[in-house]
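As written, the chains take the letters A, B and C, and residue 1 is the first residue of each chain.
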């Protein structure tokens, strides 16, 4: 069985830089075997964020890409904090928020961009957690998607 | 003292079918004595969801009914995962989201539909947890209410 | 090193009354070394709430003040439940929601009002947790900000 780092390599995925906090918070906090990650946005490898509103400026596919990129940013934080993604034991839960119009209702299809990434890296059982997917009026610095998570980890 | 299953029976409550995931997630994940339930919607016994916007299409009472039905869907998931509701030890927390208009401000009265159900089944101490109740621009497949929770349980 | 109660006194901060629940929930629930606080609003010392929409009726500074006041309300709950703030060991996570317009994007600057307060009371390491800051369409009784949190504590 492959490790998460091996899967990442096989899929040819390059992680973006681990995001810096844009306020008074930590990117991740550890307690009792769990890692609580802060709300992450779709940070690209060039350091910019994917922005805009799904349902008007952007399609569901654009939203999916943003959710996947947000997942990559979360992975970057986890690797930075833990040294390696191999210390992530399972996905417990994610809360996925889509900046969208009032008539957009396909939030699960958007947040799947993150969920499918986590499944591909951590496996179809331990890589799939509980989840909520919802539509937000507005997100910080116009980010298209914001996702926070709880992960079971080997404590750093 | 009655068990949760006995209370449910006495109240004549029939649970809806446990909801199937509408994306890449699990309905519930267990860790260290806690059960994290995914965002659930107001799934009816006929398998359809209660939809629409509270504050325009729907009254606060319609919202209350949807929150109660969402609580029943959460109970269906808990029973499916644990075998019996008698293994639920307490409600730790729920996060209740109402799909509403910008001028609707009675979210607590809506989410009470779920909270009063949980109190009636699990008791006025252990059945009452921490809570947030908030107003959302949009929810998946137009569901009227979405609620996620954390429950203390006997691990399955 | 000063205790949280000593810092509070030195900063001349007077806490508002601990908020009463406006629904069927508890202000805080304890489990396994963590305190889950319910969604709190910007409760003032006179018992009223700071209301209104950030981005139209209110500036980012007004939002910051409301987030700080919400943090004070959370501290009031923690002190009431624990007897003293000195039993709070660290901030694990907060979820900060701003009632705002669709084009308002400075949620981090608003929620810093709470985060900077917690940092000043509990210290620049243990007082800074994980965080999400987001924009909501509507909050209960028109409150300007709502924040829920998870704190590591000495169990009461």
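Keep in mind that, in the parts below, a contact is a pair of C-beta atoms (placed from the backbone, for glycine too) under 8 Å apart; a residue touches a chain by one contact, two chains touch by 3 or more.
Quick caveat: nothing in here was measured; it's all calculated off a predicted structure.
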item	value
Cα superposition of chain A on its sequence copy chain C - rotation in ° rounded to nearest 5	120
Fraction-based call for chain C against chain B, same above half, different below	different
Whole-Å gap between the CA centroids of chain B and chain C	25
Shared interface positions of chain B, touching two or more other chains	32, 95, 136-137
In the complex, chain B residues that touch chain C	32-34, 90-95, 100-109, 111-112, 115-116, 119, 128-137, 150, 152
Contacting residues of chain A [partner chain C, same complex]	22-29, 31-32, 36-39, 95, 97, 136-142, 146, 148
